[in-house]
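Read from first to last, the chains carry the letters A, B and C; within each, the first residue is number 1.
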Amino acid sequence: MRKLVPALLLLCAWAIAENPRTLAIRNAKIVTVSGPVIDKGTVVVRNGLIEAVGENLAVPAGAWVIDGEGMTVYPGLIDSLSTVGIPSLAPPPAGRGGRGQTTTTPAPPPSPATAPATAAAPVTPAKGPEDRPATTSWILAANEIDPSDHRIESVRSAGFTTTVTFPARAIFGGQGSIIDLASAERAGEMVVVPAVGQYLAVSRGGGMFGGFGAGFPNALMGYIAYIRQIYLDAEHYKLLKEAYAHSPRGMERPPYDRALEGVLESKRILLPANRVVEMDRMLRFAAELQQPVILYGMREAYRPEAAPLLKKYGSPVLVSMHWSEAPRDPDPEAYRTMRSLENIDQGPAAPGLLQKAGVPFALYSDGLDQPRELQRAVKKAIDAGLARQDAIRALTLSPAEIYGVADRMGSIEAGKIANLVVTKGDLFDDHTQIEMIFVDGKQYKPAPEPPAGGGRGATEEPGVSQ
Amino acid sequence: MKLLGILIGCGLAAGAASNNSVLIRGADVYPVTSAPVKGVSILVLDGKIAEIGAKIVVPKGVRVVDGKGLRVYPGMIDSGTELGLSEIEMIRETVDTGELGEFMPQLRALAAVNPDSEHFAVVRIAGITSVMTFPAGTGGGEGGGGRGRPPQYISGQAALIHTFGRTWEDMAVSGSAAVQVRFPILGPPGGRGGPVPENIAGLAGETGAVTFTEMTRTYQQEVAKLADFFDEARRYQKAKAANLPGFVRDLKYEAMLPVLDGKLPVAIAAATPRSIHDAIQFAEKQNVKIVIMQPRELGSAAAELKAKNIPVILGRVLALPRGQDDPYDQAFTLPGEAYKAGIKFAFGTFDNQFVRNLPYQAATAVAFGLPQEEALKAITINPAQIWGAGDQLGSLEKDKSADLMVTTGDPLEIQTQVKHVFIRGQEIELSSKQTRLYDKYLNRQ
Amino acid sequence: MRKSWIVALAALAPLYAQNIVIQNATIMTVTKGTLQGSVVIKDGKIAEVGEKVMMPQNATVIDAGGQYVIPGIIDCHSHIAVDGNVNEGSVSVSSMVNIKDVINPEDIAIYRALAGGVTTANILHGSANPIGGQTLVLKMRWGKDAQGMIFEGAMPGIKFALGENPKRSGNPQGGRGATQTAARYPATRMGVEDTIREALNEAKDYKAEWDEYGAKVARGEHPIPPRKDLKLEPLKEVLEGKRYVHAHCYREDEILMLLRVADDYGFKIRTLQHVLEGYKVAEEIAASGTGASTFSDWWAYKIEAYDAIPYNAALMQKKGIVVSLNSDDEELMRHLNTEAAKAMKYGGMNETDALAMVTINPAKQLGIDGRVGSIEAGKDADLAIYDKYPLSDYAKVQKVLIDGQLYFDRDSDVSGRPAKALEKQKLIEKEKQSQPKPAGGRRPVE
């Protein structure tokens, strides 16, 4: 990026005005998140970093000055579990999968993926763990980022400057990377941290007869057994590799196993859990595997048993903002379960309850990628009891802490990356306008809102794989 | 023998020495339609009940069965089976329920009944002497279609048959006791009105659901299609009556005539109050008799069923509640509820392999609120009346068919043993494939 | 809704937490006859059973006048409380999967089973493959978490399956439930035997490998351990007698085959499940010391069930086999007491022998008869109280205790219904109000 600047300077002069190396936002309300709110202050940005923040700061000479009167500056929002930047993992357009919603535990691809986005070649069903079904653990999201993903602009327009993007393919999808949503020429410029943890997904398995004849694994218990075997194998693989490295002479060479390499390189795992039963199961499982874990999903985190359980293990969690919704135009006599009624009624209360209980959590978009949808989703959690400042934290500093990058992002502090959102009005209010977004100090204007009801179908890549 | 069988089947056989006359002496007799009488005899002549009394002179040549300490009941009737049409559920070649075609009232279950099905012996030695056998089968509940098939609206004629006879003609009580109609269900396509499994619906926000508007449209189209068929049948009826020139006989419409004349009911499975109400409304509009089958909830439909005097076939009693929030005993208490509402009902088992458990299903209803006498009626006289054979079957009364079971006690109790079974006065050998295998292997050397 | 349930239970629980006396009851102990009297429960265990008992201090009294107490029913074959598919049917041998990993303590079937007097159930993997997944025994402790359901100390098991079901995947075009995918071995009963023998061979080699490793370690060497194989671990345990085999089977040929395979590999089949033709080879089963867990009267639903007879349980019992009656079905599970009664009807079992088939016999088959299955001092206070003679279909369950705690109470269940319904109705109303009204009302019927 930085090396590119001289070239850009020559090529288009207006770019300088729009994205100068030094800028200052004056007279703005500044929500630092890490410290108290500054009612009227200045943020100075230089070379993509926050140089200074405070009440009575001098504006450096030559800086582009933005009058922030009536505006509020927030740290850029971080989507703590996303696939933005990997176009092939975009959720299907609305209308195909009901209302276009993803689940937090996507089913594995129909054939065991040995490489991402390869043409669908006939693959024999896996016969067991040895075939490493649906495993691409060696993949880094950073290596798959495509700056042309249309969702980048859409999500950024909602105030997200950063995503933690995962190659979210079951079962071992690969490692996620922290991505700044800048309009880069080269994907590498967007990567903040290339490897933050291994994405795991499971499926509950097919229907009544789903177990007959499909590839391994097929049932939930098969997924769990497979994951367990992989970790046992990884442990054994490590022993063999170490022994061979120590004295190769006279020892049979252990075969290279990229699946196990990927697992061994991951410093934490992400496991899906929606119901309390699943939280309990996955927390126990992670403890058994001796892996630091982040749970994602959390649709039933509002239940009274959830917070004490999560507190007991102390693992952070990512809460999906894709709240369950009441069916549209439902059969008035369709059987409704208490469980789903509660889920719809109380789902958005989960973040507030987790906050009160002191469970470390962040919010994530779970397939929502339209600014309006995202705003509305956060607002729902606020309306259901999450304090506004806690909502902001759950989308800024908390995810930064969860992924161990609070030293470089998540709040407005000197020295951190200049990811900022500037609004008129309080963030997440119904009529609040996002005025500008800064990613790595570079300014962006929000994209015009798509026509109401346009949905995400229009922005979708045609023919993307699911 | 074959000739004799046919003669008996036609009810023309006579003579006291025939094997369908018997005197059961000194038993407790439970006629069902009247109070039990203890220590009396029951005389059967020529397949019919001739007399019940304390002192009966044994006609010459009539065999005497000692009924001391035993009870005599009318044979039981199961109102929901596919007996004779289906031998082994999972082997299609042995199953003759579920013909193709949308409107098939001309199909006759009776003519596909295999008298040598092993099921009949298993069932009759348990005291079940008659059953309704349905052309579309009974296990699947309501709704048309089925596995990968186009929807079916009218499945054919259900037969009321005895569980014993050399041919299906011998077995027939009524070759056409109802026309089975699979009334459209307002609900998600392919669904049977049941709840979506919790783990799918609950947490994913119930995506992909068909809207009520769409459902209603499909439903209305289907109902209209069914109504059209009835209308055509009525035009046919008129054309036939008028003997219009160019009148062509049509088997489908011909089969509908007894329905249109109000002689034959349509049997419609309807699980919920809404489905029940819709089916009744249809029948009223078409001015046809209706029997509601397999409701899982009565609710607001109970009063309507009572007010319009529409009979109901309940079952299975031993079933899970409709949804996960429903009371665990929902299916157990339904018959008691129907009784309290004043509805006339009978029981069906709706699964061939469990037909012999008909009295136990009834007993479970008793445990959960149905009076025992009512439970007994619901497997004897009520089904006989509902299926148009009230003058022949279902109770111990003079001139009725001598379908009897002689038991060691209350037939609804599992431990009660059936000692004798008579169908049309003929004593049934109490053996089946199963007793024969038992005897063979009990004494295996 | 379920919350209110737990609240209701929690309100009851303290009353029954410590000492309880059930009195004036007809107590069918199964192992020590039937008597009129009392059961004393202390700290979750049965302390005393008798016509006259010592009343402990501060005891809660349950007056069961006119009622019957039996040991909590044990279902030796169930698939409830499982999250996801019960079959890992993708492979011929799926011994690496474990029911223990997918316990769903929120399955409403648990509560319904309780309401049918069941206190313990053997939760099995399905029958899609010759060697299926690992199994375990649960107590129906509704309201507890997954770990809280587990029957502590009960021997784990593994499912084997013979006959039609495991070969169905080998015949993708035939039979209901067949899929469009490629055929998976085996397709015949011959292949089923072969699959089992091959797997046991592998397990034997695996065991030898680990034994050798153990010997080296014992000698003070530091070898690299062999790869731990989750598929072979449980089979190794079978060979070592540390895991029970529960084998789904129907026909006499396959039953005998499995008994002989086990002989060849030096272990015992713990139970034959379903075993509908067990009566044909009852002598051989009895000689092998294998238990049989069957249905009372299922038959003719498939060809391998065509020779099933309702006398099977009684006949096998007469020939010296320990027999239990199971449900394999979450509905049937709710009235196993009447399944036992059928053993009296078909084959003339006496009352105690019949009741044993759903209590002490399955306990023996699962190796938990020291803890449950009869009403004896020292055993877990797992009890079902019926309003009438429990071997009658007129009887219904009034109360169920597990470990001396009340888990089901019919009166509370019934009286709690209006409140539950109201709570639900409120949520439905709330949802309706938050939604825009769709146009159009109820459609007319054409």
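In the analysis below, a contact is a pair of C-beta atoms (placed from the backbone, for glycine too) under 8 Å apart; a residue touches a chain by one contact, two chains touch by 3 or more.
Keep in mind that what you see is a predicted model, and the values were worked out from it rather than measured.
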| request: Using mean Cα positions, find the chain sitting nearest the overall protein centre. | output: C
| field | Chain pair with more C-beta contacts, A-B versus B-C | value | B-C
| From the C-alpha centre of chain A to that of chain C, how far is it in Å? | 42
| query | Using CA atom averages as chain centres, what separation in Å is found between chain B and chain C? | reply | 34
| said: Just the number, please: Cα centre separation of chain A and chain B in whole Å. | reply: 60
| note | Two or more other chains are touched by the chain C residues 1, 83, 420, 424, 438
| remark: Touching two or more other chains in chain A are residues 204, 275, 328-329, 338-339, 344
| said: I need the residues of chain B touching at least two other chains; which ones are they? | reply: 186, 199, 212-213, 324-325
| request: Could you please specify the touching residues of chain A with respect to chain B in the complex? | output: 97-99, 101, 103, 204, 274-275, 299-300, 322-325, 327-335, 337-340, 343-344
| said: With touch defined as at the start, can you tell me which chain B residues reach chain A in the complex? | reply: 186-188, 194-196, 198-199, 201-209, 211-213, 215, 272, 274, 322-325
| task | Mind listing the chain B positions that touch chain C in their complex? | result | 87-91, 118-119, 122, 186, 199, 212-213, 216, 219-220, 223-224, 227, 278, 281-282, 285, 318-321, 324-325, 327-329, 352-354, 356-357, 360, 363-364, 366-368, 412-417, 433-435, 437-438, 441-442, 444
| So in the complex, which bits of chain A are touching chain C? | 124-129, 203-206, 208-222, 224-226, 228-229, 232-233, 236, 239-240, 243, 275, 277-278, 280-281, 284-285, 304-305, 326, 328-329, 336, 338-339, 341-342, 344-345
| remark: Interface with chain A, chain C side, in the complex: residues 1-3, 83-91, 94, 96-99, 101-102, 104-106, 125-126, 128, 133, 145-147, 168-169, 172, 177-179, 181-184, 224-225, 227-231, 420, 423-424, 427-428, 430-431, 434-435, 438
